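For reference, the structures are reproduced in the following blocks.
Here chain A shows up in two complexes: once beside chain B, once beside chain C.
Right after this comes the complex of A and B.
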């Protein structure tokens, strides 16, 4: 019973973390039709920016709870700087190119950003554990659990709720839906594609950086963290259906729970199990769980 | 007035349009008649900006459209209704109609929507529905209404009558005439000459990517 509770909570924490990365990846694919292989690097940039700032913040002995706002600010700043820079500087030039060309371009970007990170932050790990350590533990079903991990779930819920409101209730959000569903007719109806692409990419970058910033206190921020997350995030978006934000939420839950189950029961099969789920979903629904609904053609 | 002068379009190396010239004045219905594959759809798509024009000019209201992206052309008041309707599935009918207004921040969008509902009350009845709940004919009307939302000056309609039951086809004709009397120019691509001859002031025939010489003749005014 206790193991089950732990697996469930671990799964939710993993899912929250994955959702923040995957939802941006899938939105960017939906609007820009580019699979951004460098998406994990935006996560890493968020983690590094937050970790290095948080360490300095605590070194100065400033008000501890302020570190959470600092992490939020770091993530938003990373997204606002890196997002437009990458979209305007690189992606805008390759929108109508062959997908292979686009993959190569974003892969190159991933390699460049990896080196950029080493150049700026060096190769030694950063331990910015204090924001997590501050919160201590909570008791869940009689089990002590790091309270910070529960905070992570809250961050993902808030981000997901905000995104849901944006997509469902705002005009720009409805344009994003239209663009994901049918880019061509959206353009013909006057959707300003360059502006919407910039906005979507920046939003995705902020979410990925947010994921990185808030995970930073729970891990050693070191070279290679972007690879770990992107491998899982791809499984999530493929399971959920490329271009579907709801799908990425369900995909993140599924992958998160499977991963937690495996980590506790069969750690050696962790990645295998995740990709087995992905393969099964692809066998049954090759377009992913949340493919677009078909319009009747009569 | 829309003017195409000797436009050529190639897709994947194959010539699809070979020097197409035509004019579609405002307040008139202009027909573009040809068989499937003759180049009607490509002509409309070239005007909208969904396929690149290799040579020739597309002019509308003293502007060279070929220099503009598709979304910029829409903001000149050009509405497009594709043959397969292309409604946005996850959105309601009314959201589909408002989409262009949201995209371009059109002033007076709600008045225009009300005007469209007066013109096409059958669309107003569908306002809250999802696209997947509509019949093919209803989707055609909604697609026309959406094109009208954008197309305050020019409508490009690709086979609007195709697949419509006779009563609905008659209704479609009525609506097009009402739009013409508002001063909107209509360019109507159609494979069935009889459908357009009753409506259009002028008809061009297109065959294998070329507008037939001397094909422009008066339809409805004969």
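Right after this comes the complex of A and C.
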């Protein structure tokens, strides 16, 4: 019973982390039709920015809970800086290219950012664990659990809720959905595509950086953290259906729970199980759980 | 155009001669370039069909580990047998994963191949009792028909053997592209639905191509394992596969020779980049790749037509007639 509770919570924590990254990836794909292989690097940028700032913040001995706002600020700043820069500087030039070349262009971006991070922050790991220590532990059904992880679930819920409100209740958000649903008709009806692309990419970048910033206290921020993220986020997005924000939430939950189950029961099969779930979903619904089937054109 | 027919033979002669002329280190690099060129040739072949494989490391590692296992557990030392095992491993894995992959295109194909290679990476890493984990496996110098070459000739023997294997596959792929199946592959990239209306099964065409690519990459993995003498799970990691894609793009898909030229160039760039720019090496690759994507989508090979056209104002091809 206790193991079950732990697996559930672990799964939820992992899922909220995955959701923050995957939802940006899926939104960007939905509007821009580009799979951003550099998305993991945005996550890493967020993590590095937050970790290095938090370490300095605590060295100064400032008000400890302020570090959470600092992490939030770091993520937003990274997203606002990197997002428009990448969208305007690179992606805008490749919108009309073959998907294969778009993929290769974002892959090059990934390689560049990877070394950029090393140049700026060096190769030594950053340990910004203090924000996680501050909260101590909570007791969940008689089991001690780090409270910070529960905070992570809260952050993901807030971000998800905010996103839902944006997409369903605001005019711009509805335009985003329209673009995902049918780009041709939306363009014909006069949607400002360049503006919407810029907005969506920046939003996705902020979300990825947020995921990085808030997980930074729970891990050692070191080179290479961006690599695994993109592969996992892609699995999530494929399970949910490319371009579907709701799908990425379900996909994140599924992958999160499967991973937690495997980590506790059969750790050697962890990676294998996640891809097995993905392969199974693809066998049954090749377009993913929530996406519509694309019409083939002659 | 008859003179063009003997060009491959001249090229082969020059490459064989280089085996004696070059110093050991650059001959080793060339051996590696040829072995990895086989994998790149596979990537380029898939690109002809409009597919990018970010998981070529799957076959590369499978071929390498087939050799490693055969050597460690079966006592196999023969180079020919080892290569055959590598090919078989590539074929087997391609036959299995191809069943699923033949249904996908574009991004899905790319990311699924990536996922498969990461699964193999995970297995190689976790099953350390068999695979040696991150330490990898050591591979003894191979024997050729029962003869282990003495140390001073081992490098050149390895080089000539790799060259011969590369030559065989180069010819096979060349013939493949000239065959109806090869034309169908390129037609799929142009318009898949129309190919099906013509009565061809696209997934069958892609499946067969994928099998060929699997065998080729498996052999490439086996050959590079034999010449390096050490294998690690990183061979299946997706950044290894990314390198293959990079090289394929660098060389271009204009000719069957282009992947090997790209591969040789890459090995030498890498050697110098490690020396002079060890921390910005990936960034350098990224910028080169971005420049190719944005300004020269045909790769280096496209220079062979674009430069003469610009200089002389006429088209110049080097493509042996069928």
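Everything that follows uses one rule, which is that the second predicted complex is superposed on the first by the 292 of 298 C-alpha atoms of A that agree within 3 Å, B and C clash if a C-alpha of one lies under 4 Å from a C-alpha of the other, contacts with A are read in each partner's own complex, and residues count from 1 in each chain.
Here is the rule we use: contacts are C-beta pairs under 8 Å (C-beta built on N, C-alpha and C of every residue); 3 or more make two chains touch, one makes a residue touch a chain.
Quantities reported herein were computed from a predicted structural model and do not represent experimental measurements.
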First (chain B), second (chain C), both or neither touched by A:171: first
Which partner reaches more residues of chain A (counting touched residues only), chain B or chain C: C
Touched partner set for A:136, first chain B, second chain C, both or neither: neither
Touched partner set for A:190, first chain B, second chain C, both or neither: first
Touched partner set for A:286, first chain B, second chain C, both or neither: second
Partner chain(s) touched by A:104 [first = chain B, second = chain C, both, neither]: second
Overlap of the chain B and chain C footprints on chain A, listed as residue numbers: 296-298
Interfacial residue positions of chain C with respect to chain A in the complex: 47, 50-52, 54, 100, 103-104, 106-108, 110-112, 114-116, 118-119, 122-123, 126-127, 191-194, 197, 238-239, 242, 245, 249, 279-283, 285-287, 289-290, 293-294, 297
Chain B residues touching chain A - in the complex, by the definition given at the top: 48-50, 69-71, 74-75, 80, 82, 84-91, 95, 99-100, 102-104, 131-132, 134-137, 139, 146, 150, 163
Partner chain B, residues of chain A touching it in the complex: 171-172, 174-175, 177-178, 181-182, 184-193, 292-298
Chain A residues within the chain C interface of the complex: 35, 90, 93-94, 97-101, 103-105, 107-112, 114-116, 118-119, 227, 231, 234-235, 238, 242, 268, 270-272, 275, 278-279, 282-283, 286, 296-298
